[in-house]
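Shared between the two complexes below is chain A, which pairs with chain B and chain C, respectively.
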Partner chain A sequence: MFIHQSSCISPQSTFGNIDLDTLIAPENNILKVVEPKYENIPLNILRRMGKAVRIGVGAALPLIEKANKLDGIIIGSANGGMEDCVKFLNQIIEYDEGRLTPTNFVQSTPNAIAAQIGLTTANKGYNITHVHRGLAFENALLDAMMMLKENNDATYLLGGVDEVSSYNYNLERLGGWYKKEKITGVDLYNSQTNGSIAGEGSAMFVVNNESAGSFLEVKAIKMLHTNDSAEVAAQLNHFNDVNGPHNAWLSGENGDVRVQPFYQACENNLTGDMAILHFKHFTGEHPSTTALALWLANRFFETKKIPSHFFKSTPAEKPIGSILLYNSGKGEQHSFLSLRAVEH
Partner chain B sequence: MSRVVVTGLGVISALGDSVFSNHDALVKGTCGISTGELVKSKYTESLRFGEVKIENEKLKSLLGISDPSATRTSLLALHALNEAIKDCGLDVALISGYDTALIGASTVGGMCQTDELYLDAKSETVGSAFMASYDCASVTLFLRERYGIKGVTNTINTACSSSANAIKYGTQLINNGYAKRAIVGGVDSLAKFTINGFNSLGILSPGFCRPFDKDRNGLNLGEGAAFLVLEREEDVKNKKPYCYVAGYCNSNDAFHPSSLSENGEGPYRAMKGALDLASLAPAEIGFIGTHGTGTENNDEVESRAMMRIFEKVPPFASAKSKIGHTLGASAAVEAVFSILALQHGEIYPSLNFSNPIESTGLRPVSVTQKLNLRHVMSNSFGFGGNCTSLIFSKA
Partner chain C sequence: MDRDLLKTELKQHIIKYLNLLEKAPADIIDDQPLFGDGLGLDSIDSIELVVLLEREYGIKINDPKDGRKIFTSIDTMVDYIIANRTK
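Moving on, here comes the complex of A and B:
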């Protein structure tokens, strides 16, 4: 599967004027998205959209406008329109199940992003939303790969979206998934405590089986559920044997001491000359970070440049032509992706 | 390519807590809809629901679950999953392998604990036992852990067509070599959240829903779960499968967030695409398990879309007249019902129908009949224009 156009709304300068060298620091350990002006969404529609829908549709529209044809929309989002969900929940309780307005209810469903993209662009093709928490985007990606096997000439929009809403922020905070001490950026990785920094974002990709014009090929994906780091490392070795070798290791490490053993076990097992990269200081932590990491990898291949702050190891001198991406959702859900630069 | 066959079924709905009891009720034309008894809402007694009359504590003891974070949604799902796994006869050791996929679908997930969620979303200090159980994925993760399933695990939400897409995704995983077998299905439980959501849209019937009737006035919400075990035909030479998955198609109506377009473009494309994938002519479909919610919009649009495809619309019925609209579970529960029709060579009635919609004149099946079926279609349409049709055929 090849990536063609892509776009990303994130806490950093990734949309419009892209600048990966300058880092925007988290505020109170939250990296919130830098929202564009959404000039191509009608104002009356924009006003009714919650943030997740906004950043999803906002990132998707410029791609769809450029694409000749689109056979469907495949989205991964663990939380979907949670902002609307909690608004509707508040109405239920505060008005004691009285007369409620349906707008928030309709927008609260996790499929609202894919649905709204389909509706806005009158796309009557395939339309689906995967919500499997830390593997929501990965399942969307696998879905796209399988759909392209069955429909060789098709082109799909693939995306991953998650927001920081008051609802999920509070649940994650109570669950101990955010750090209590203040984090300013790359110091995230030196932390010896529980939790990470919160993040949000949306990354969209036009994908098909055509290599011409593409900079990145997704070679393979593997997903795993386990809380045994040795099992993850063993599975990674197998994945690397089948799909490797890779020049670089892109790690989803997030500074949480409870999850670090998984990343470390895998890193320790790596053989050969591999550059080591990480990205959570750039995106923050949320269930769909792999989508943003994929966008970054595509950008690295396209520009043949990787800003130094992404390197955990000494910056590589040779150009990086293949990346092994590993991300873990809370040490329970794991994914490996094999990504290759397309040579033209 | 080896065909993907259905080798195990499990279901729990307002009609019963097993495939056997559901089948018995379908044959008798029983209605499972009544006033609420267990769901906690202002509307419990004034509205009618397809409620599973087993309380949470009873479900827990039946299932041997003591986990305080298990929600009703997870419990109903486990009940159906256990039955499907037992029914397929596979060794539990095989189920837990890397080549078994588990695909769930839900729309309400753990938000059936609506009041707890409200408190947890605001709490400054400590959360309830349900903290990690509100999302839809929590249900699938709970099931995965019970059997230690190691293959591809996923949760899908396309509103009311969610579990049809779980069946589609599981079939594709097998066809593409990502799994040797897939356990696929869906679940939803009655919740203050969805009752108020559908009530705010003004589409809940004050009485019993009357799918395809001229005077229909809305839907009844229901709850339940169903799972299907899918395997490759070449792996199951020693047992007789129920049927095979012949076709599926997911297509968006792209018209309105919560209602279907007049001509039913999404439903039409879903049915047409499923027929094309199955390489079947419309006339070969012997029965349609319709989406048939009983709302003014759905039934007329679905009728119109069926009339566009079928020169003569085959016998059809709405299971929602008996179990209510079980949302994320509906496609899986109704797929089980369609598969039972195929297996037993019979079709089951739609209830509460008197007069056809004037513009269509279509009448659903009114009594249980014997009918030799080869191919059945099952429709599911959801908010956001998410339409999916499935076709099951005799193996």
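Moving on, here comes the complex of A and C:
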């Protein structure tokens, strides 16, 4: 599967004037998206959109406007519009199950993003949303790959979206998934404490089976559920043997000492000449970070440039042509992606 | 409440309930149609307005046909609120 166009709305400068060198620091350990003006979304529709829908549709529309045809929309979002969902549920209590406003309800379901993209662009093709927590985007990606196996000439919009809402932030914080001490950026990885920094964002891709014009091929994906780091490392070794070699390792490590053993166990098995990269200081942690990591990998291949802050190891001297991406959702859900640069 | 004050308050509620981010109360003309070519509201907004009347003024609208007349403009809404409000 090849990526042809991509866009990303994130806490950093990734939409419009893209600048990966400058890091925007988290505020109170939250990296919130830098939202554009959404000039291509009609105001009457925009005013009803919650943040997840806004950043999803906002990232998708420029790609759809450029795409010749689109046979479907495949989105991964663990939480969808959680802020609107909680507003709606609170109304049920506050107004004693009386008359409720429809907008919060309409915007609150995870599939509101794919549905709104389909409605806005009058796309009547395959329209689906995957919601498998930390593997939501990965399942969307697998779905796109399977659809392309069945429909060789098709083109799909693939995306991953998740927002920080006060509700899920507070719940995750109580669960110890966000750090108590202040994090300013790459110090995230040295903190030796529980939790990470919160993040949010949306990344969209136009994908098909044509290599011409693409900079990145998604060669393979694997997902597994386990809390055994040795099992993850063994599975990664097998994945690397089958799909490798790779000359860079893009790690989803997030500074949480509870999850770090999974990343460390895998990293210990890597060959010495692989460059080691990480990205959570750039995106923050949320269930769909793999989508943003994929967007970054595509950008690295396209520009043949990787800013130094992404390197955990010494920056590579040779251009990076293949990336092994590993991300873990809370040490329970794990995904590996084999990504290759397309040479022209 | 004075009619002009009620109009301003109602416009503020409409902006808040319908999330009309780009509008100020002064932008909503009293006799301008709320739907269609005027303010450009649609059917989902009409349900939001039904909820607004119930929550802010204690008015229940059970027949959607009544809404068409009541929600014609700010003037018609204010007339209805003055005649029917329970809070």
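In this section, the second predicted complex is superposed on the first by the 343 of 344 C-alpha atoms of A that agree within 3 Å, B and C clash if a C-alpha of one lies under 4 Å from a C-alpha of the other, contacts with A are read in each partner's own complex, and residues count from 1 in each chain.
Following the convention adopted for this analysis, a residue touches a chain if its C-beta (ideal position, glycine included) is under 8 Å from a C-beta of that chain, and two chains touch if they have at least 3 such contacts.
All of these numbers come straight from a predicted model, not from anything done at the bench.
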- Message: Quick check on the superposed pair: does A:226 touch chain B, chain C, both, or neither? Answer first, second, both or neither.
- Response: first
- Task: Return first, second, both or neither, reflecting whether A:309 touches chain B, chain C, both chains, or no partner chain.
- Result: neither
- Query: Who does A:89 touch here: chain B (first), chain C (second), both, or neither?
  - Reply: first
- Regarding the shared-chain residue A:43, is it in contact with chain B (first), chain C (second), both, or neither? second
- Item | Per-residue touch tally on chain A - higher for chain B or for chain C | B
- Message: A:135 in the overlay: touching chain B, chain C, both, or neither? Say first, second, both or neither.
- Response: first
- If you stack the two complexes on chain A, which partner ends up touching A:106: first (chain B), second (chain C), both, or neither? both
- chain B and chain C contact sites that coincide on chain A, given as residue numbers: 99-102, 106
- Item | chain C residues within the chain A interface of the complex | 17-22, 40, 42, 44, 47-48, 50-51, 54-55
- Task: Mind listing the chain A positions that touch chain B in their complex?
- Result: 72-73, 78-80, 85-86, 88-93, 96-97, 99-102, 105-112, 114-116, 118-119, 121-133, 135-136, 139, 142-143, 145-147, 149-150, 166-167, 170-171, 174-175, 223-226, 332
- Task: Enumerate the contact residues on chain B facing chain A in the complex.
- Result: 41-43, 107, 111, 114-115, 117-118, 120-123, 125-127, 131-132, 134-138, 140-141, 144, 149-150, 152-159, 165, 169, 172-173, 175-176, 178, 192-193, 195-197, 199-201, 250-258, 265-266, 269, 382-386
- Using the touch definition up top, name the residues of chain A that touch chain C in the complex. 43-44, 47-48, 95, 98-103, 106
